[in-house]
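See below for the structure under consideration.
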Amino acid sequence: MNLEPLDILLQTILLLLLAPLISGCIRNWKAKLQNRRGAPVWQPYSDLVKFFRKDMVISEHASWIFSFAPYVVFISALAAGLLVPMVTAQAPLSLFGDVLALVGLLALGRFFLALGGLDPGSAFGGMGSSREMTIAAVAEPAMMLAIFTVAITAGSTDLSHIIQASQSPTWKLLNPTHVMAFAALFIVLLAETGRIPVDNPATHLELTMIHEAMLLEYSGRYLALMEWGASIKQLVLMTLLVNVFFPVGIAAANTPAALGIGALAFAGKLILLGAAVVVVETTNAKLRLFRVPDLLSAAFVLGMIALLSTFIFQ
Amino acid sequence: MPLLTFILIAPVAAGLANLLPMPRRVMSSLNVLAFGATLVFGIMLVHQVLARGTVTEWNEFLYADALSAWMVLLISMVSLGTSLYAGRYFERDKANGAVTPARAREFFVLTPLFSAGMFLVVLANNLGVMWAAVEATALSSVLLVALYNRKTSLEAAWKYIMLGSLGLALALLGTVFVYAAACKNDSGPLPSFNWSHLMTVAKQFDPRMIKLAFLLALIGYGTKAGLAPMHTWLPDAHSEAPSPTSAMLSGASLKVAIYALLRFYILTTACLGSGFSRHLLLGFGLGSMFLAVPFILVQRDLKRMLAYSSLEHVGLICTGIAMNTPVTIFGALLHMGYHALTKPVLFFAAGNIHQTFHSLKFRTIGPGVVKVLPATALLMILAAAAAAGLPPFGLFFSELIIISGGIAAGKIIVSVLVLLALIGTFCGVLRQLTRILPGVPKPEFANNINAAQLDGVPAMALMLGALLVFSVWLPVPLLQEIHQAVDIIGGRP
Amino acid sequence: MDNFFIPAFLLNLGLSGYAAGAVAGLLLLRFEKLANIFSFGLAAFASVCGVIACVTALATGATAQSQTFELLPSLVPYLQFTVRLDSLGAFFGLIVSLLGMVISIYSLGYARGFYGRKNVGVFAAFFNLLLLSTTLVFLAGNAFFFLIAWEIMALTAYCLISFEHEKEETRNAGVLFFIMSHIGTGCLILGFLLLFQASGNYSFDGFHLLGNAMSPGKRDAAFLLFLAGFGVKAGIVPLHIWLPAAHSVAPSNVSSIMSGVVIKAGIYGMTRVFFDFLGSPPEWWGVTVLAIGTISAVLGVLYALMEHDLKRLLAYHSIENIGIILMGLGASLMFLHSGHQMLASLALIAGLYHTINHAVFKGLLFLGAGAVLHATHTRNMEEMGGLAKRMRWTALFFLVGAVAISALPPLNGFISEWLTYQSLLQGFGTTTSLVRLMFPISGAMLALTGALAAACFVKAFGITFLAQPRSEHAKNAHEASFTMLLSQGILTAACVFLGLFPTVFLKLFDPLTQQFTGQQLSAQLSAANGLVLSNATAQGGTVSMLGLALLGLSLLAVPFVLWLLFAMRAKTRRGPTWDCGQRGLTPQMEYTATGFSKPIRMIFKALFRPHREVQREYDFSPYFATTVRFESHVEEVFQTRIYRPLNRLVLGVSRRLRALQAGSIQAYLIYIFITLLLLLIFAL
Amino acid sequence: MNPPASPEIGSQLITLMAALMLVLQLLLAVQPMLFTSVRLYAVQSLFLAGIAGVVAFFDHAGDVYVVAALTVIGKVIFLPWLLNRQLRHIKITQEIEPLLNPTATMMVCGGLVLLGYLVARPFTSLERLGNNTLAVAITLVLTGFFLMINRRKAISQVLALLTVENGVMLAAIALTTYGMPLVVEFGIFFDVLVAVMILGILIYRIRETFSSMDTSKLDQLKG
């Protein structure tokens, strides 16, 4: 497998442009579902531009870590995105890293995000970092179990290879294993992207917020990078979910037709998943922090069952 | 030249000379001189034994084989170290008013006689004479134990002499039985009671008598050697005696008693085959090892702890011999030697500590000896590491050799037990010494830092140095000589 | 043999270098500066020799079959002072020499803190002896010799741990360490004795694959004995009890060498015995090791999270990483059982790669912690903070170490855990028995461990280096001296190198896997001519830290372009942190280390059983307290449930037995009398 | 003495005296007066000497006369004198409460006698003079031992020790053709003398420091 600069460039652009749109859509549909008009779907773009234009206020207690974190968060998410096949079955950079590397990159981003939250020395930041790392810690095993299930059935940890394998006729699309693994991973998605019932992306109420609490001291282009990074991460996880479990219509070859179909299918799947997220967010209330582990342990158990069923069905 | 005679005469001469009023310096240097001489003679003796097998004098009244030669070396080393240390020790005691000059002289007179007795034990050919000599060592050392004339030291001396002489009475009965067996054996008017003779005819002895004899000797000489449960006098005597005497008792006298016991053991083995005597000795050896552990673990007194560790080592030596394979016996003899070099150092260090802190209770001494007596503490740490069986000191080797030999001979359980006991002792010693050696000294001692700092250090350093050297390198003749001793004990001609 | 000449020569040079260093330290007792320079200088020189020797030996294949030479003539039966350089020995020799070199350099600066206070000469001498004995542990070719080196290692380690013996805490920690280690040694002696009984001598060559010739019972007994014996040294749960105490009270360079190298002696021993001596393993061996590894990893990191003593925290992470290493070894044993040589080598490499990685980054972290202690005179993280501004370089190095130990790309920790994941995942297919569930489960636990470790080091770095200083000490902290920084820099570079160029380093494993599993993997493990690390399967599954790093750098273009487009004119100014309007944010308002790990403490309450105590003083209503005192601490369940009761039992029994020596001469006479009667009756 | 008397008479004499020694031992065991004890010991030693003499007479063994002489000088004359002197010096006349009351003491002694006979039985065939002298000897040793346990006064413990020693000597005479070799006899003899002297010194010092010679007070050293 050789690297194609064009693919890399295209996918990078796709990630950069698509990510804010997704968050915009989700926000908008949520409003609709709650009988509000809601901000337009392209609101995030204008937010980002605005943030970039603005001056920055940096806490006097902060050290260089504070300024270093946004770049790491943003770039790690972006790099992770280049490891996932989106429209084409062959991810542009799957040579550089498999699904484990992807998890690793996201973790790297989280690591520096949390440090950035601690650096200014405000109680909110510390609280946010603490909770973020805790939830990530309990989410990680569930995520890994789900991924293992897929990786074991596909016999590889290479995402492109997993998806190619999933397109092979022998692949049972809706076998219980994958259903449960999907469920587990979906819960993890909610946790990782800071959605209700784990976190409330809209709130700035100190007792409930997690992700926002860490960003509280950020402003200007750093804030932009942080937000953007977050939405890219969300896009990456959603892509992972949809493309691994519903590999329909992914372009196997680089013919325009195939690409077109692939793009459409991809968009369609994202819309569906986004809708699912919206429904969950509107129909649930945010959980108390110490109930969250129960949810995630449920995800873990689902992953376990998924594994056991692979064990049974093989 | 009549080596054996010289070996006996040198210390006696020194002791008698010390009866005359002389300054302390002269007396101690006389002792040093005498024991230096015996050491040299001992080395020469080793060579003669290697050359001729056995050395006899006064038409076979004195008799030395490899085993005796080995013992002679040990006794001389310990006595030499002791007399090197004793001089300054009693100077300070006099300064503290702990002893009167007369009593100090008593020490310088009795110690050489004590060693002379021990030399006679290992050189006597006649078992009866050997017994008398053992009794003599007991008598000469009891006054040394009582030297300080404190209540406790008198108590210790009383227990020592009573238990000791009782045990020795039993040992005498055992000796009588052996002699009786000899009488029954040959019809001559007055049969020879010489070891060299008995061994030649041991086969024909009446087994029942020899059995009884060995039992009595085991209890009798076992009392003197401090085998459990006859050991009860040992911690008292060792802790109450002046440190040089404790060193002599633990370093030499215990082993001499073992030597006497060994003679009977060899005889019995030759007569009855190894089974009977071996199992008894094994039982007592292991018993002593295991009894020592709890007493060390919860000990409150430094010198008593050292005494119990001696008990443990004696037990190990007996176990090694009782396992009765060439390797284990070799290990046991080696262990004797290394222990004789190690334990005195510890007692000397204890002596320095006692004179500086005026107590031996761990609680009173408290932490921080390293700060108060740096040199002593350092040497003590090294010696303790050696005694606890840590490399690079020889006791680690000898212990591992004994255990390996046991395993090689298929005695797994015994070896495991030995290992357990050793670990237990290690933990105890470490726990106790950590209570006193490191740390910050109590305020009341913080001021007399460096007091008596270098006294006795040369003696300790000498013995420790010897231990270290002989741990990594044994002269070939010595090695051969130990192997001969192994054959003697193992009953292989 | 000629390609063995250079290593042999250098080894001798190195060993004698250590010895010389020790002697120099003792000779120059009175001149501390000279002692410091000469002794540690010689140590550094010796370890450089060691590094070169081991690398050349591994690279030139001098270790293909083991090479031996006698160090000294021996006089006692069974004992030979055989130095034996085979691939495994050389690999661990490399670790000890590398760390030894760096830490000797560090000590040059660190030991200055002892001037006038403690005796630097003695310290340096023990340090050299520790390095010497540890090297000999890895190179001994004779079990007897091995045990000697092992015990000397323990002895010197004990002396170094309790070097600052003025504190009682230190003394107790030292005793605990030495007792545990001695019990472990007891197990080792028994284990070796079992082997010895089978082979008749103590030579390691004679032990090779000896287990196949032993009766299964003895073989399993030996396995368990060695597992326990080496486990104590490695600090596996539940035998780890000594480790946090000892590592935290020791001088930091000692903690660094202990955690980086000495506990690895346990790993060395297990690898040596399980793969070299005991022959083809039954399945339950691998399962046991894997299980123990998993448990140690999870519990280690959980207890680490509960600590706010920086060095105890790092110590618990040593337990965690030992667990991860054992996961690799255990998996490898299971693969050997099921006859998958290729996977066995992969798992073995994973374990050993993590061994050197842990050595590097844990060494680095302890050195960093040492620098922090040096500057703030406290181990309590709650009194630190804001050091990133005052100790820029230390902060940078510590951060790299933290990222590495949290197994985050692009550093070395990630590589070895990636290899572990790979072997675990592929392990699932190797058997159809239920046992295979072990693999994904321990994989998931590994993930949990990794995430918790990340959390823990966000806390460690964040609370220590970020935000405002929480105490005067922290406020007046100063950067460490040059040598201390240099050494940390070297280890940081090592972290980066081992992360970015694993395929280069993996070549060194070839002789090793060749020796134990008959496979050479470095070729299959590297793809795209060495730029990419592959999992050696056809289905792919590749990772390239180098690639990701370059990608990351090139992606910096994006923010740059955006900056050009929009933010050219945006200004940046400093302002106070948002303080909710009441002016002035004080350090007391910052999140504490304890607070940071509170959620986790709550989640795992069942395990931690935290002791919590709140005292409120109030005038009229408890909701308006005038003063509040909050106390909370977590004590290890092993401490409270196993070790303390055991200790009490032993001492209690001993105290009872003291009554035997009651002081009455009549009683003593009775003892003898009864013995006499019994013997007489027995003789009848 | 030209007509060599028949061995029967000798052996009967010996048996008689041995029996008397045993009786004295038992008396010694139960009666508390110290001066009496010393006298009893002296008489017992006299019988020992007598036995030695008889043996020497009937076996024409010159050495054994020496043994008898030594016994008389040492144990019948010197030691009792020494002990009496001590007793007078420290003005203690009574053994107060022994551990066991006389009845129990006697019963224990009876048991010990039994054991002594059991132990000696295999060897009775080997004895030339008088049967079961050896049994008496072993019994003396055992009872003497028990006496040491049973007594508290330092001096009576010493006495007990000396009776043990008597038993050993009796065994020596009973078992061996012509007694032990002279050198050994001398060695033993002087050892015993020195031992008693040293014990005397110790008793004296103990009396000085403890103002009592009750050995059950000597229990400071524990553990």
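Labels for the chains are A, B, C and D, by order of writing; each one numbers its residues from 1.
Keep in mind that, in the parts below, a contact is a pair of C-beta atoms (placed from the backbone, for glycine too) under 8 Å apart; a residue touches a chain by one contact, two chains touch by 3 or more.
The structure displayed is predicted, hence computed values, not measured ones.
Novice: Could you let me know which interface, C-D or B-C, is made of more C-beta pairs in contact?
Specialist: More contacting C-beta pairs are found at B-C.
Novice: Based on mean C-alpha positions, I'd like to know which chain lies farthest from subunit C.
Specialist: Greatest centre separation from subunit C goes to chain D.
Novice: How many angstrom lie between the CA centroids of subunit A and subunit D, rounded to a whole number?
Specialist: Distance between chain centres, rounded to whole Å: 102 Å.
Novice: Measuring centre to centre with CA averages, how many angstrom lie between subunit B and subunit C?
Specialist: Once rounded, the distance between the two centres reads 45 Å.
Novice: Roughly how many whole angstrom separate the Cα centroids of subunit A and subunit B?
Specialist: 79
Novice: Can you compute the centre-to-centre distance for subunit C and subunit D, using the mean CA position of each chain? Integer Å is fine.
Specialist: Centre-to-centre distance between subunit C and subunit D: 71 Å.
Novice: Residues of subunit B touching 2+ other chains?
Specialist: 158-159, 162, 166, 170, 212, 235, 295, 298
Novice: What positions in subunit C touch 2 or more of the other chains?
Specialist: 658, 661, 665, 669, 676, 680, 683
Novice: Among all residues of subunit D, which ones touch two or more of the remaining chains?
Specialist: 119, 145, 148, 215, 218-221, 223
Novice: Okay, what are all the chain pairs that touch?
Specialist: Touching chain pairs, listed by label, are A-C, B-C, B-D, C-D.
Novice: Which subunit C residues qualify as touching subunit D in the complex?
Specialist: 658, 661-666, 669-670, 673, 676-677, 680-681, 683-684
Novice: Across the complex, what residues on subunit B touch subunit D?
Specialist: By the definition above, subunit B touches subunit D via 126, 128-129, 131-133, 135-136, 139, 142-143, 146, 149-152, 154-159, 161-162, 165-166, 169-170, 172-173, 176-177, 179-180, 183-184, 189-191, 193, 206, 208-209, 212, 235-236, 239-240, 295, 298-301, 304.
Novice: Per the contact definition, I'd like the list of subunit A residues that touch subunit C in the complex.
Specialist: Contact set of subunit A toward subunit C: 1, 12, 16, 49, 52-65, 71, 74-76, 78-79, 82, 93-98, 100-101, 103-105, 107-108, 110-111, 114-115, 118-127, 129-131, 133-134, 136-145, 148-149, 151-152, 154-158, 160-161, 165, 216-217, 220-221, 224-225, 289-290, 293, 300, 303-304, 307-308, 311.
Novice: Quick check on the complex: what are the subunit C residues that touch subunit B?
Specialist: Its residues touching subunit B are 72, 75-79, 144, 147-148, 151-152, 155, 162, 165-166, 168, 171, 174-175, 178-179, 182-183, 186, 189-190, 193-194, 196-197, 200, 202, 650-651, 653-655, 657-658, 661, 665, 667-669, 671-672, 675-676, 679-680, 683.
Novice: Can you name the residues of subunit C that touch subunit A in the complex?
Specialist: Going by the criterion above, the answer is residues 385-386, 388-389, 392, 395, 399, 403, 406-409, 414, 418, 421-422, 425, 428-429, 434, 436-437, 440-441, 443-448, 450-452, 454-455, 457-459, 461-463, 465-468, 527-528, 532, 535, 537, 539-544, 547-548, 551-552, 555-556, 558-559, 562-563, 565-567, 570-579, 585, 587, 589-591, 595-600, 602-603.
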